[in-house]
Amino acid sequence: MDNLIALLIAAPLLGAAVLLCGGRRLDKIGHWLGTLLAASSFVIGLVLFADMLGRSADDRAMYQHLFSWIPVGGFQADIAFQLDQLSMTFVLLITGVGTLIHVYSIGYMEHDERRRRFFGYLNLFVAAMLLLVLADNYLLLYFGWEGVGLASYLLIGFWQHKPSAATAAKKAFLVNRVGDIGLSIAIMLMFTTFGTFAFGPVLESAGETSEGKLTAIGLMLLLAACGKSAQVPLQSWLGDAMEGPTPVSALIHAATMVTAGVYLIVRSADIFNAAPDAQLVVTVVGAVTLLFGAIVGCAKDDIKKALAGSTMSQIGYMILAAGLGPIGYAFAIMHLVTHGFFKAGLFLGAGSVMHGMNDEVDMRKYGGLRKYMPVTFVTFGLGYLAIIGFPGLSGFFSKDKIIEAAFAKGGTEGWILGAVTLLGAAITAYYMTRVMLMTFFGEKRWQPDAEGREPHPHESPKSMTIPMVLLAFGSVFAGGVFGIGDRFVTWLEPVTAFEHGHPPISAGAITSATVAVMVIGVGIAYLQYGRRPVPVVAPRGSLLTRAARRDLLQDDFNHAVFVTGGTHLTRSLVYVDHSLVDGVVNGTAAGVGGLSGRLRKLQNGYVRSYAVSMFGGTAVLIAATLLMRAV
Amino acid sequence: MNPVNYLYLAALLFTIGAVGVLIRRNAIVVFMCVELMLNACNLAFVTFSRMHGNLDGQIVAFFTMVVAAAEVVVGLAIIVSVFRSRHSASVDDAGLMKL
Amino acid sequence: MNALAVHSLWTTAAEPLNKIPAPKIEYTQLAPVLIVVGAAVLSVLVEAFVPRKGRYFSQLFLSVAALAASFAAVVGLAAGGYGTTKARIAAMGAIAVDGPALFLQGTILLASIVAVFTFAERRLDPADHGHQVDSFAAEAAAVPGGDHEKAAVKAGFTTTEVFPLALFAVAGMLVFPAANDLLTLFIALEVFSLPLYLLCALARRKRLLSQEAALKYFLLGAFSSAFLLFGIALLYGYAGSVSYATIAGVVDGSVSSVNPALADTMGNDALLLIGFALLLMGLLFKVGAVPFHMWTPDVYQGAPTPVTGFMAAATKVAAFGALLRLLYVVLPGLTWDWRPVMWGVAIVTMLGGAVVAITQTDIKRLLAYSSIAHAGFLLAGVIAATPSGISSVLFYLGAYSFVTIGAFAVVTLVRDAGGEATHLSKWAGLGRRSPLVAAVFAVFLLAFAGIPLTSGFSGKFAVFKAAAEGGAGALVVVGVLASAIAAFFYIRVIVLMFFSEPKADGPTVAVPSVLTTLTITTGVVVTLLLGFAPQYFLDLAGQAGVFVR
Amino acid sequence: MSFPLLTATAAVPAVGAILTAAVPAARRTAAKWLALIVSLVTLVLAGIVFARFEPGGDRYQLVESHSWIRDFGVRYELGVDGIGVALIALTALLIPFIVLAGWHDADPLETSSKRWRPTQGFFALILMVEAMVILSFEATDVFLFYILFEAMLIPMYFLIGGFGDRAHSGSDENAAAQRSYAAVKFLLYNLVGGLIMLAAVIGLYTVAGNFSLTEIAEARANGSLEMATSTERWLFLGFFFAFAVKAPLWPLHTWLPNAMGEATAPVAVLITAVVDKVGTFAMLRFCLGLFPEASKWATPAIIVLALISIVYGALVAVGQRDIKRLVAYASISHFGFIIMGIFAMTTQGQSGATLYMVNHGISTAALMLVAGFLITRRGSRLIADYGGVQKVAPVLAGTFLIGGLATLSLPGLAPFVSEFLVLVGTFARYPVAGIVATTGIVLAALYVLVLYQRTMTGPVKEEVRSMPDLRPRELAVVAPLIAVLLFLGVFPKPLTDVVDPAVRHTMSDVQRTDPQPEVPVQNVEAAK
């Protein structure tokens, strides 16, 4: 049974290889092949899942060792897999949602002549992501980590003829690279500390080393997580990443890849547990990001950018939860899964809307679409209710637990974090309602686009709606299935050691508070966008709004400091290289040449001056000889 | 009279010859100065042989004369041909090759 | 001729003549010299009596045969062990027959043979009035461009005198490194210098330059030899003898021929040191060491190229031989005095030659300066003052002379309307027009530059190694720097030949006769042979590394 | 005695070179095929060497030893350790692709004369370089190595100066001038380095009395050869300088961009992927092997220089306008990694460095050759002249991207393995250096992706609209290289098995052992 693990990865990898090397002759069937292989991977996942459920909670983990990857002296890296409950959760999420999105893409990318390559990339992503969550050591995880980065790069920039897309892709990769520094340094630290970087030994013996070391490792892991999961301060790439085709945004930049950071932290639980300082930083990052994302989400008129902000914020929740330690890990993952469902659903809905609106993304040019695309409206609506934490839907269970856990952190920290999470919930409700209202309610605001084509909103084909429906189911029920009776917690407990948090105030109070802030948020949004018509041209807005539209100026900061500064630096270095480093050498050469030219003048062609030099030379010779004797 | 004085004389003559080479322009004169230097050498040889009381120096002197004669032959041949082609025996005019 | 013999002859003049003891001459051991001198005399007679038609061939045959025979004699002597075990002083102390002498004589003879080939080359210039012409004036005495010269050319005169002149020069060169007393040294010097002065004046093209070169060479040469002679005089005054052995003895105090009464002037070191300095100057002039090098570029440029090659190779060999013998046999006791001085000379010579060469525009002058730089490298080996120093210098000389002759032989091939096209700009794109010649020349240049797998590298390595072992490490570093500078201008020529587009009015490469071809091939073969497998020759030089005292 | 395998491996290309040069002017296609076949035969021989080499065996294997120049204490001594084997394999592997990629680079222009045979010369020179490089990897005699180290400059010099990139801006004369400038610069830099090394070689002889690497090492080990500290340091510096010029290490690097920029892409690959490796190889074998103490003494300074190379090279690469110069500066950055790995003096560092030499060779070859194909199509080296190529020539763009990803050492491609090993190895001994070096990871991504974005993506430029995609010959060059990159990326074991023992020997030369982890974990296996 264990040997099936490799197949999980092999299937989509094969797909990628075949589709990318296959050439034009595969254009006809490429998308089917890709979908099939993704689905097959999902099936294998289910089989393993069933097998896993069949066993007792403690020996559910499976291992498979393929071969030794980098054996150098004490440095032993293996291609080996570990499939425990945590990984399994991800496997199912990735392959499941992944398959759905494959199906969706068949319709969405129908008119793109490079559809085959698109599916190749998607398969590549699935394979890499599975590698990431199945690796049994950090270096192999790094492999997958970069693999998904590559896939994300390729897919964001899929429409490479658009400079904006190409730039966004490059930006995403670079920012992630900054995070990767963290991961690689963390691995090096582990190697120098433990002499290995395999999960098992490192995590077992985490306690045996100084807290300082562990804090360092933890912070480096957090840096990596920030890069991948678009957490402050490395969040800037996610918004631009929306340049990619919408299925990509749904799969990579909402459901799976961006949550890899959460996985990394939860996976390294033992390290963080022993390094409270690191944990604190994690929670802070989470808290900041969840507000940051939420605020940005409120200001964006681009539907995808708004959703991107929301993603940031939701992942902020997860990171925060992960920072809370054993009381939070399980909920982080749970929210991750539910979020996977409803955010994917929302994105697919957005995609379907754009599909019907000539790829228009500005919500101010939507409005009243509910009658034109009912299925999209319903599924999107369910996703919306889920994310704002409408009681009974999946978002409610997962988010509520996180808020409780935040309070349960105890002390002022607990209060602050709790307050932040509540505030976040309110804002979430606000901006999602805004999106909902601007898109599906009110009167129609769309007009002919540049080519004068009047958009004809219409419902999307089955291939697109079916996945949306399925995800909607997920976003409605997943929470209940997981949450009621702590099923999910008990499932994960063997991996992430769960303990019940005890919030200072009763759970009931917190729940009601959550619902209350949610209602407030919705209310405000309704007053602003439901009651009065939405202006087609965005009003100037308050200072905050304008800042939020520009991602709270964080991008401008990056540009000013790194881009501009970097350009100047490289320019000046090129100059230095040319005129200084090279100049010294050329200068020497020129100097010798000049000397030669001067000495040459001595050879003036006159016998008598030659004779003089001989005479002088002789005199010197005599003098020198006598001198030598003298001294 | 102390033979050493002849040495001084020889040195003097040699120097005169050398200086002559350095300052005179006419190739013939320059060449004569060289001859003068050779003869200065001869004087030195003879003097030394007198002081040492052996004849090697005088033998050398004879050889030197022969050599000087040979040099005259060769030298004049060259100088004359140069003079023919340039109508000048000034060593400073022979400056085609330089630098 | 030994002085004592003459002395006895002088004092016993009153006695009946039959009492005169005949000086003892070892003819077999002097064979190499004697053969060449004899041949030289003979070829003068040929000039006198053989009709003009037959002269060229008879002269060529005679010279080559003589040189070959003489070389055979050298080999015979060396095989007979005269280089090592049976090394001795011959001709009543006048001439040494030992390893260095034989090795250098052998080198000189081989070099001369190939040089003579280039002398005899008659294919390069287009036939003039139906007469094949070589690189020498039809009639040297005629005024350049005058009617007399035209007539001579029309009549097809050629200066076959170059062969006897060359032979005499070779004879002198053979004696020079073997000379074992100062008198012989001086005579040998003159014997090989005077013919060279004349040879310089005999160019067929650019006769004004040729004559000017001869004039300069002659005047400066005479000037320097006067210094040398005065140096000899002073040394004689110091030691009371001109024989190396005696002087050496006096220097290190084992022999004291000094009359106590005259102790104040006699045997005082001023005489010794000044005399030594003057003597050194004379030799350094022939070697072409800075600051006595000024004649080299002009003479190399003006002289007929075959002569230049001959001079550059053979003269250097002979002069360095003499220098070595002087420093190692006569003045070993003075090592601590001459070493620092030579250090200075070596350094300025290496750097000076290399630096000035960078800005040269005439290929012959370029090679002249390169020869100066090489003189500096050789001096570094001389300074080592160890047996390995001697043998390394010997090896270097052997390697260098063939590269030089080969290089100058190639220069004779590249011609345009005005004869040889020696200006560098004319060599542009030669590699495109005639890759083979360019490649050959490139090999020589790389050898000059001391690139590995050429004889130049083996030689340089040997010399530097000896110098380093002799405790002259700093000199090695300077040498290395100098070779770096030198590399630059050799490479410049290669760039010119291969990487720049050929000019429309560029020179043509004449197709030489078998003679020059032979010369160049020998040059290349030796260059590469000494580069890849120098061991055998290193052994030769190593065995030859001991002077007889 | 047994069959002289090592000599054969070098002799085949040498003889092949002579034969190729001898092919008559008219039959230049024959010359090309001859060269290709010879290089393939060499590859087979190199494969045999790789197979015959036993990782567990003696340090130097397949040894050959003949007397050569007694007076200089020089012997013709050959022998390979794991490092040598790996690099020989690399060289033999790359040359066929270089030949194939340069198939048309030396076709004569109609202006040239009958006797002028550039094509024959081009391939003959390439083979000659291969022979010399291989032999220098085999030489265990310092002098023999030195001779080859110097001699290989000459054919390289002619390759750079004689067969420039036809895609140049400005007039032909101008280009020719720049080309010969680059060639001369290349030669002079390396010649000066070599001459300074010559002084050191002579010095070594005066101290040691012979040139046999093994003998000297033994003598030093058992104390029979004492070397004064100062002497050792001077000699070390002499050697290191030459290797640092060749490698090249900042600030001795400026010849590389010129050379790689002006030369044709295959020759550029020959320079950076093959010839420069001799420098780093020599550091590992000669500097560390002969002067362990001095090496340790110089390590801090060298690490700093290497770091500067890494960051500086990458930053300057970002600022380049010329594709080939960009790759050149990228290589400078990578050589920084190699040198840092060597002098980190840890098993990981040095194995990493050795792998890095191999991987960098292959990845640069892939990137540079594709760039060459691109440049020959458009006739320009300027990045600004391209745009949207990916749309018209997707395969070309794809291979280019893979080459680039290899250059930025993406996991799954060979360079990642080596780069990470170098980083870990360095970090283990010099944490700060390790951390600073990681910035190289980001910068590498920057210059590669910027290059890709500017050339391949965006709207299609007019000039490239009619650009054909990769031809079969070109694909035959690139595909295998990429395959090797992928293979070594996920399964470098064959290589590490060969390299490891050699590295352990080197470590024992310098009497260094890896720093031990503070919490050694015994049950690594148990965890599985």
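A few points about this structure:
Note that the chains are named A, B, C and D in the order they appear, and that numbering of residues resets to 1 at the start of each chain.
Just so it is clear, contacts are C-beta pairs under 8 Å (C-beta built on N, C-alpha and C of every residue); 3 or more make two chains touch, one makes a residue touch a chain.
Bear in mind that the values here come from a model prediction, so they are computed numbers and not experimental data.
Shared contact partners of chain B and chain C, listed by label: A. Chain centres computed from CA atoms place B at the largest separation from chain D.
Taking A-B and A-D together, the pair of chains sharing more C-beta contacts is A-D. Taking each chain's centre as the mean of its C-alpha atoms, chain A lies 97 Å from chain B. If each chain is reduced to the centroid of its CA atoms, chain A and chain D end up 37 Å from each other. Computed from the mean C-alpha positions, the centre of chain B lies at a distance of 66 Å from the centre of chain D.
With centres taken as mean Cα positions, chain D sits 46 Å from chain C. Taken residue by residue, chain D touches two or more other chains at 188, whereas all remaining positions touch fewer.
Counting partner chains per residue, chain B has residues 18, 21, 30, 91, 94-98 touching two or more of them. For chain A, residues that reach two or more other chains under the stated contact definition are 589, 600, 603, 605, 607, 611.
Across the whole structure, chains are in contact as follows: A-B, A-C, A-D, B-C, C-D.
Listed in rising order, the residues of chain A touching chain D in the complex are 20, 63, 65, 67-76, 78-80, 136, 139, 142-143, 145-147, 150, 153, 157, 160-161, 163, 165-167, 170, 173-174, 177-178, 180-181, 184-185, 187-188, 191-196, 198-202, 204-205, 208-209, 566, 569-571, 573-574, 577, 581-582, 585, 589.
Those residues of chain B that touch chain A in the complex are listed here as 18, 21-23, 25, 30, 91-92, 94-99.
Note for the complex: chain C touches chain A at residues 215-216, 219-220, 223-224, 227, 269-270, 273-274, 276-278, 280-281, 285, 291-292, 294-295, 297-298, 336-338, 340-341, 344-345, 352, 355-360, 485, 488.
Within the complex formed with chain B, the residues of chain C that make contact are 1, 3, 6-7, 10, 140-141, 143-144, 183, 186-187, 190, 194, 197-198, 201, 207-209, 211-216, 218-219, 222-223, 226-227, 229-230, 232-234, 236-237, 240-242, 257, 259, 262, 265-266, 297-298, 301-302.
Chain contact summary for the complex, chain D toward chain C: residues 67-72, 112-113, 115-117, 146-148, 150-151, 153-154, 157-158, 161-162, 172-173, 176, 179-180, 183-184, 187-188, 191-192, 195-196, 198-199, 202-203, 205-206.
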